[in-house]
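Multiple structures are listed underneath, in structure tokens.
Shared between the two complexes below is chain A, which pairs with chain B and chain C, respectively.
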Partner chain A sequence: MAVEAEANGMAIPASRWGLRYRLLLPLTLTLGAVLLYPLLFSFWVSLHRYQLTRLQDVRFAGLRNYLKLFEDPAFWNAILNTLTFVFGAVTLELVLGFALALLLHRLPRFRHLARAMLLTPMFVTPIAVGLMFRFLLNQQLGVLPWLLEGLGIRIDWFGPGMALFSIILIDVWQWTPFMLLLLLAGLESLPKAPFEAARIDGASAWMTFTRVTLPLMKPVLLVAIVIRGLDAFKVFEYIYAITRGGPGGSTETILFYIYKVGFRFFRMGEAAAMAYVLVAVTLALVTLLYLLMTREGRRRS
Partner chain B sequence: MPGVRLEKVSKRFGEVRTLRDIDLEIADGSFTVLVGPSGCGKTTTLRLVAGLETVSSGRILIGERDVTALEPRERNVAMVFQNYALYPHMTVYDNIAFGLRAKRMDEAEIRRRILDVAAMLGLGDLLARRPGELSGGQQQRVAIGRAIVREPNLFLFDEPLSNLDAKLRIGMRTELLKLHRELGTTTIYVTHDQEEAMTMGDRIVVMEAGEIRQTGTPREIYFRPADLMVARFVGSPPMNIFEGRLEGGAFEGAGLRLPLPGIGSFAGRVLLGVRPEDIHLAGTLEPERASAPFSARVEVIELLGARAIVTFALEGAEIKAVVEERQLDTLREDTDASLVLDHHRLHLFDAESGERV
Partner chain C sequence: MTVPLLRRRLYLALQTGVVGLALLTVLFPFFWIFLTSLKPPDLVARPDVWTFLPSAANWREVFLESDVPRYIANSLLVGVVTVAIALLVGFPAAYSFSRYGTGGGLARFAVLAAEMVPPAVLIVPLFLVMYRLALTNTLVAVIAAHLTFVVPVVTWFLIGFVDEVPRELEEQAMVDGYTRGQAILRVVLPAVRPGIAAAGIFGFVLSWNDMFYALILTGGASKTLPVAIAGYWTFRGIEMGKMAVAILLAVVPVLVASFFVQKHLVKGLGGGAVKM
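On to the complex of A and B.
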């Protein structure tokens, strides 16, 4: 009966459940294999002494890998570097991107051309961007230091104290256009009426910006910050291509450190534990940000 | 309170000319309604006065001051928008306070003024709410409150009632008129609804295709429409129009021959306009006003209550008349009736230009 109905393409309710699950199955299996399994396996690894050089000797370690992290100054250094990088890069990108978006929003004629041109950095793969800037900013070969030297300015872009800042600038170069695009789309989708009302109400440009534009843009800003923030946490290519974490660990970000511990020192257990700490930190920051941005709204309603 | 003067104001959007050489004088303290079909330029006119758009040519004066080049905030006007245009993220209180804060007014004074306005408009309980939590009528009140709290020189209303339901709309009309009487502020009110224009305006400006067709009191507009467009636009059901010729002091057309005493020497192709309430059943009008009787077939009778709209067929054309309910007994659908027109209330328009003859 059921078979007959399905053959006619009119499954009866009882067999529809079966059909639903069967339709879900391919995706569930794929996701399970490529997402869930690695996730669970890495968690399992993080609870074991798991070294690629000594796979015959994998032992349960409990939380020892995690506890060890807290006494590892290199780990804390990496966390601090990462936070500095994320905060610096995202803030600069947000401010620059928003300023440019506001400017382009006012210049409808340039908007399309400028948008197309400004988007190009996004299309370059980050590892290539890293290599590009490695040469552009190179103390001996780079064109930028050479030009600056003509002006009497000497900066060792990848020297101590400067390297992390340079990496931030590279990220800003590549990802400000993304902010711009997102925020410009946000600005274009805002209702026009409140802005006309503000003009009639006699609000200055500054008052309109702070009291009307900013609050109305808040959801878009939040999304932009979260997307860029999460992405910035994963910074790896620039470091890999340029500084390899140097000088003296000053550009060693958490992902690069995980890579080093896992794939250069083969200490997979510790690397997995760090990866989980990274996930926890990221989640905590996103939640905090979300609460901060929505606090006002929830309090009033 | 200052009036407003527009001198040869034109507005082009790219190639499109929305307004051409508008001259308009709006008296101090008047309630002037700009009315016309959509795309006639009435909203553009309002936005030019507000300063939201800039003129392509011409001058705008508020009082004796030339405001043509001034920003909206330098004009001291208040505007109520069709979609209310409230600040969605602010409370009602903050919405109303916005314009006062823009003037850096003292918060205590702001509070006093807002409480006054809230009391006047019945918004007292809503001050802590946000626009999203209010009904359309309440949002409209907030928009009006935001306008009057600033004590502007000029109120501008852009179809403020068109998003409200019919019942609320009629209530709000009365309230707006009361408010105007109380404050005495010069008001320009835009609507596409001729009935709203008739009931609200003490002056009406009828616009079409970027030009002013007629300016006048509601009575002038209704009883002496300057041209065919105004005649057709104002009044519901609309004016009946008969095509024909004027010859030897009589109108000939649509199977009628109506001698028109006192018409003068004009001859040629004309359009005869008769409002539905000026078509009477023969014998119900004083004889000195009544035209020669003619017969028409009763098609449909729509009873409204005290009156009915009766549709007659005449030489293939349709004419509509408003008939008192108690006269309906003599009428039966699909039978002929004898009708007369009120001589004193006929409108003649030149068939070529549409101008009143």
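On to the complex of A and C.
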């Protein structure tokens, strides 16, 4: 009936079938305009010689922008820096976050207060975090070098060989709380029975951790790693606030390099091509996340 | 003392020590920035000075003699408008995903995946479109950019919260003569109000914290607070005190907000995953 009415172009009452799509329409239109259209446009730009300074002379370039990337040592340098950063930061955050979650989980007093305070860094504007640590770690003005000096330690935090590691530490300061949040929630939702059984069997704390806690936490750990990894690829603010890619390109990450090529040199075509390489990486990780999450969903139901 | 008791005490000491150290690491930077903001301008570059007569000079200058209040207003406006749009388009969609299962698990996941699209791939076309429309250096451009991640996040949160509302509530209301539309507005909407608040605050924090899009899309009077803060570092010691004030102005509102959302954050982040 409703289908017939629709085919005749008549106004139909809000049927169950129609409402679900009408409710979805605003979201679809919005995301279509601000996400899908830019994604397609960006791909088109990546296939052209597209310079902001020469907009009257945009020419089809095929895959030339992509091929150029492979011969660009600065691009590979940025990729390598980003991978080092992501691997280093996520590993440290995972270990620290998990350790803190385990300790906090069994903290007899002030657990909620400690948790609330430990979570604060993840809410702070990353550019403010970057500037804060640039100030705190500065050779002449910084309080940390001054304190370390008292102990006879001198470190040039943003010097060659050290800068990328310092950026990693800043990321660890800001995002370990995110790991803590997810992993603590994971621990709190674990079933009690396996731990009881381990206790009755007289298992040591270490045995309980490796044989009970770790396997039960595996799905949560994997999801946390992938989400944090995806986010770590977007690192930009600390670099912009502190090193601007230096010294000698040692902290130039992929997003910062794209920013430089696209918005300092105005070579939009090349920037878009690089961004699409990033999309491919993201897509792979997102697919992994989907598989992890749907497997978890099936396991629970 | 028995061995288990000794071990338990040792564990407690270790636990307290490590958590204490973590708290110190987290809180010290905030403390130092606050201290710096109160230093008289000639002492800001002195890490060895910990006690001094507090001065309001930095605060006064930032509030009365700089454009920072305007940038705060810009950030507020962008955040509020972005979140309002996100809630308006996100809530009906969340209802559709939750109650009709529209598109199944894959559609739910697409909402989450949308948030993960790299900003690098969106900024080039967003900039070009705004440039053509002569909208660069306006707040409209930043709002459009922030919608790209605030809308998916808010929708994802809301799916989870609508899932939690028992269907019986609206079914009963419909038996009582409400249409579905009325049931959504008068029954479901009030029931998810805490979820809407949590999603809205979290979306606002994300918008407030963004610098990447705002850096490229704004300039001059249209700068948002993070972009303005980025301009503070000049290597001249005197500026450092004002930078500390600006940092605190960006940080304190989100920290206050974070205490309100923390309780709902885990559930919110879990979002529509439960029924995927």
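As a working rule, the second predicted complex is superposed on the first by the 256 of 301 C-alpha atoms of A that agree within 3 Å, B and C clash if a C-alpha of one lies under 4 Å from a C-alpha of the other, contacts with A are read in each partner's own complex, and residues count from 1 in each chain.
Note that a residue touches a chain if its C-beta (ideal position, glycine included) is under 8 Å from a C-beta of that chain, and two chains touch if they have at least 3 such contacts.
Please read all numbers here as calculations on a predicted model, not as lab measurements.
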- Task: Specify the outcome, clash or fit, for chain B and chain C once both structures are aligned onto chain A.
- Result: fit
- Message: For A:V58, using the defined touch cut-off, is the partner it touches chain B, chain C, both, or neither? Pick first, second, both or neither.
- Response: neither
- Should A:S204 be classified as contacting the first partner (chain B), the second (chain C), both, or neither? first
- Would you mind checking which one, chain B or chain C, touches more residues on chain A? C
- Task: Quick one: classify A:L190 as touching chain B (first), chain C (second), both or neither.
- Result: neither
- Once both complexes are placed on the shared chain, angle at chain A toward chain B and chain C, C-alpha, multiple of 10 degrees: 80
- Query: A:L216 contacts which: chain B (first), chain C (second), both, neither?
  - Reply: first
- Query: Counting only touches as set out at the top, which of chain B and chain C does A:W146 meet: first, second, both, neither?
  - Reply: second
- Return first, second, both or neither, reflecting whether A:I155 touches chain B, chain C, both chains, or no partner chain. neither
- Once you lay one complex on the other using chain A, what is the shortest C-alpha distance from chain B to chain C, in Å? 8
- Query: Considering each complex separately, which residues of chain A are in contact with chain B in the first and with chain C in the second?
  - Reply: 300
- Sort out for me which residues of chain C touch chain A in the complex. 12, 15, 18-19, 22-23, 25-27, 29-30, 32-33, 36, 44-45, 47-48, 85, 88-90, 92-93, 95-97, 99-100, 102, 105, 109, 113-114, 116-129, 131, 144-145, 147-148, 151-152, 155, 179-181, 205, 208-209, 211-212, 215-216, 225-226, 229-230, 232-233, 237, 240, 243-244, 247, 250-251, 254-255, 257-259, 262, 265-266, 269, 273-276
- Touching chain C in the complex: which residues of chain A? 14, 16, 19-21, 23-24, 26-31, 34-35, 37-39, 41-42, 45, 52, 99-100, 103-104, 106-108, 114, 116-121, 123-128, 131-136, 140-143, 145-147, 173, 177, 181-182, 185, 230, 233-234, 236-237, 240-241, 254-255, 258-259, 262-263, 268, 271-272, 274-276, 278-279, 282, 286, 290, 293-294, 296-297, 300
- Task: Would you tell me which residues of chain B are touching chain A in their complex?
- Result: 50-52, 71-73, 76-79, 81, 83-91, 98-99, 101-103, 130, 146, 150
- Contacts from chain A onto chain B in the complex sit at residues 191, 193-194, 196-204, 207, 211-212, 215-216, 218, 300-301
